[in-house]
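Below: one structure in structure tokens.
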Amino acid sequence: MKAFFSLIARDLKLAARQGSAVALSLCFFVIVIVLFPLGVGPEMTVLARIAPGVLWVAALLACLLTLDRIFQADYEDGSLDQLVIGPLPLSFLVLAKVIAHWLTSVLPLIIIAPVLALSLNLASDGVIAVTFALLIGSPTLSLIGAVGAALTMGMRRGGVLLSLLVLPLYIPVLIFGVAAVEAAVAMLPMAPHLLLLGGMSLGALVVGPLAAGAALRLALE
Amino acid sequence: MKAFFSLIARDLKLAARQGSAVALSLCFFVIVIVLFPLGVGPEMTVLARIAPGVLWVAALLACLLTLDRIFQADYEDGSLDQLVIGPLPLSFLVLAKVIAHWLTSVLPLIIIAPVLALSLNLASDGVIAVTFALLIGSPTLSLIGAVGAALTMGMRRGGVLLSLLVLPLYIPVLIFGVAAVEAAVAMLPMAPHLLLLGGMSLGALVVGPLAAGAALRLALE
Amino acid sequence: MAIDLHKYANPRRFLAITSAIYPWSLALTVILLAAGLYTGLFVAPPDYQQGETVRIMFVHVPAAWMGLMIYTFMAVASAVGLIWKHPVADLSAKAAAPIGACFTFLSLVTGSLWGEPMWGTWWVWDARLTSMLILLFLYLGYIALWQSFDDPSKASKAAAILALVGVINVPIIKFSVDWWNTLHQPASVATMSGPKIYSSILTPLLIMGLAYTAFFVTLLIIRVRAEILARRLRILQLSELQER
Amino acid sequence: MSLSAENVTCLRGDRLVFRDISFDLAGGQALWVRGRNGAGKSTLLRIAARLLRPQAGRFFWNRTDITEDDEPYHGQYHYIGHQEVLKPVLTVAENLSFWAEFHGQGKASLEQAIEGFELGALRDTPAGLLSAGQKKRTNLARLLASPAPLWILDEPLSALDTHFIDLFRARLSEHLKAGGLALYATHQDLGIDGSQELDLDAGGGA
Amino acid sequence: MSLSAENVTCLRGDRLVFRDISFDLAGGQALWVRGRNGAGKSTLLRIAARLLRPQAGRFFWNRTDITEDDEPYHGQYHYIGHQEVLKPVLTVAENLSFWAEFHGQGKASLEQAIEGFELGALRDTPAGLLSAGQKKRTNLARLLASPAPLWILDEPLSALDTHFIDLFRARLSEHLKAGGLALYATHQDLGIDGSQELDLDAGGGA
């Protein structure tokens, strides 16, 4: 357990010290959302219409982009070798890394999402919905992403393969996430969608670390 | 001159061998454009309305993401030290790297853009316009991007800073690029917009390599 | 301006000259600010459409001007610093950036405060507003770049490169309203054909503009002097280190 | 404690790196793995650290077969490879204290590691600013930051100056005296008393 | 040909690495830069390769001052640092031939480099698969892939086995005999006749 928490603590410290992980995904998220109105034009109705989609797509992409950081840096400088031969079972190792990833790369997006949603002229029910939906759905993104990251680690065409592997698995999250927001905007109940998102997160919590652990062992040999 | 072309040739060979650069930006571009209809919903009119914006934003982001590759890999393995003390003047060195970047990371997007534009239900005039606008405007993206990449090379918060520095400079390209497409769709002349884009590319061709060369020398010291 | 800076860029002379100017610019700031606020808030008539909210203009418009002007100033100072290697030019660019960022931020905030009564929303993504936001990003990038280097002489060169490349955005921001039809007002004071508004509004506006400029000069002097002293301290420390 | 290998054979890609390597190492002993460049020293050490799987052969830890199930071997060794395993933005002390904690150790062993490799003056230097030899020492200090009976060391001397080579030799001797085991590959003779030698050159190399 | 330095002083961060270093090197001579870990050897070599700027001091190439304007010095030297400068996906031959071409050389000098460091058997191996010593040799082979009068070498021996140390010494002697210059930092004595020594330990180190 001490190893588990010390690993999370180290990753958080590294993120704070280097800054790049936290800020990169956040910055990317904000940039996408700032660029959209510029590209699409300022009409309020159009913006409000596409806002849930833009927010979710931006969050998905921001997450996708930071996935390779889960293991890559440790792999390159040899730390991963040392982590793997250490006392922590592989799936806990993955879990610790995923938690650190979610805290540094995903949580900041969720915190800033309401402001961006408002600026896109989303109705206030939608703003709340998008925040909740992200909170409940996004752990799936990190967990599934870790499997992809472990599978493609150290590979030559890693980046691409990672996107191709992970993306199809992200689509359900996108669809239910957007559905939840649109339901809220249309004053329909959004609980069913949120429950589904939660269910996916729980499933991913069980499957993700195991699969990613196995993939890690493979990739290192 | 031999040094110049051998550097371009090497970068192209590396890209072909590793694949990741070409495919990553391409893959990202396609993914953004595929995700959009999923997030926004399949209504043709909405899609056609936002298509020019989505295409340009996706191209901008794809380019932004590959920028750090211009110098980072060579910096990390020590090649950049060797390149800098070699026979090529710094601004030509930058130019060679930018050309390789554009060929491997931007040109593929432009080639596939018409297909994606059609899939977003853009009018055929718009499809032609978007291809031309990208062809004329995108060198600016690589050239300005190189300045940002050189300025942030080897920095701790490099990735984020790079986006923050480069993004504001990309906005004019985005605006005129979208304007060109929308003009074409509305049957208005798009030549003025294209001329402006071309002018920017020429300006960037002069300023970019000089500024990036100066930045490189700074970063290496 | 470039020539002037060039001539007075020697730090010692700069310190001497600025200590002479400083009290005057401080006094000017206070007087102009008082005059501008008085004429703006009490003398100028309320607008027949906008009512009393029009008075936000006297804060908003000069702040927007300053945001644009200070970035231009930074670019010029950077060029001087790069070409003639004058340390004071670099330092003034560095010192001006946060001030410019504050003015830009002020214009954004007052603009949105004004937008709520006028357009019924705090924020729209029109060209003028967005480009002002982008200007804020430019300032932030510039400041972040300064902070990313440990070595000030490197930082000043890197930041100068950025300021010079970034200055192309200033005209785009200035003319964005003329080039695209947007919600926001087109320029009516600083236009090619001269001002187009009544003098009862124009006068306080111009006074406020001057007041902001004086304020900027005052702040700039304070900050550059602090920078020069800090750098001297560092040089002292380093030479002490070499002695050891 | 003991580590033994029986007829270990390794292929990498299509290339036979070495075949039928055996050794038997008891507590207090060291094994010097020698060989030309490319002979397969690093490969053998990575196999011993279970970071690579051999094509054939068996491994025993304390006479228990660990070829398939390495449970008893887990956490019994340290591996120092060619890579420095340092995070450039963390200081020397932060880097080491993470590894100490990760292996369940506290402050005390951190201090021991810093003293053991004379890193006191560098403790608050970010690892990215260290010189080559300073990095190497920090990496070696992981050996003391958490105790483990077996040390697997791939070229531990490279980049060290003569003073620190002596220092390292002293640390290694202490470890052996306390009953530890070591497996090391160097091009230079370390001169550890009673260390066995394993020469891979019989098997080739390029 | 000659390279000389006068009173070179270097600060990194706020740390004085060394001060008032001077040397004078003529064609056919080598300078062995010695010093403890952290003494500043790599720093001095990077300064000589114009990859770092010193705080103070002057450099002369062929008696011309190159402190400000290094035009005459450009392309006159090779620098081999700690990093391997290899692209893992390119083969040994491809890596070397790029550097040969970049410096305007053709096939002939590539062959010379490959032979000179006995890389023939590895020519089509991707650099990513090489062992540590093989990487080092490929990196050193850049010295022969394009000619330059001055060689600046930072720990050229690390990871090499005794055979290749001898081979490298032979290449260096040939270079010096042909009138070349060399500046090298090693912890081990290379035993080059008539090489000067520059000991940085007077200035400190940690």
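Quick notes
Read from first to last, the chains carry the letters A, B, C, D and E; within each, the first residue is number 1.
The rule we apply is simple: a residue touches a chain if its C-beta (ideal position, glycine included) is under 8 Å from a C-beta of that chain, and two chains touch if they have at least 3 such contacts.
This one's a predicted model, so the numbers in the text were calculated from it and none came from an experiment.
Counting only chains that touch, the fewest steps needed to get from chain B to chain D is 2.
Leaving out chain E only, with every other chain where it is, the touch network remains one piece. Chain centres were defined as the mean of their Cα atoms; on that basis the chain farthest from chain D turns out to be C.
For chain A, the chain with the farthest CA centroid is E. Put simply, the chain closest to the centre of the protein, by Cα centroids, is B. Distance from the chain A centre to the chain D centre is 37 Å, each centre being the mean of its Cα atoms. Rounded to a whole number, the gap between the C-alpha centres of chain C and chain D is 59 angstrom. One inter-chain figure worth recording: chain B and chain C are separated by 31 Å, centre to centre, where each centre is the mean of the chain's CA atoms. Our note on geometry: chain C versus chain E, Cα centroid distance of 50 Å, whole angstroms. Shown for chain D are the residues that touch two or more other chains, namely 82, 89. For chain B, residues touching at least two other chains, in rising order: 17-18, 156-157, 164, 167, 171, 175, 221. For chain C, the set of residues touching two or more other chains reads 127, 130. Remark: chain E residues 49-53, 74-75, 77, 79, 81-87, 89-90, 94, 98-99, 101-104, 142 touch chain B in the complex.
Listing the residues of chain B that touch chain E in their complex gives 2-3, 6-7, 10, 13-14, 17-18, 77-79, 81-88, 220-221. Contacts from chain E toward chain D in the complex involve residues 12-13, 35-38, 42, 82, 121-122, 129-134, 136-137, 155, 158-164, 187, 206.
Within the complex, the chain C residues that touch chain B are 127, 130-131, 134-135, 137-138, 140-141, 144-145, 148, 154, 157-158, 161-162, 164-166, 168-169, 172, 180. Touching chain B in their complex are the following residues of chain A: 17-20, 23-24, 27-28, 31-32, 34-36, 38-41, 46, 49-50, 52-54, 56-57, 60-61, 64-65, 156-160, 163-164, 167, 171, 174-175, 178.
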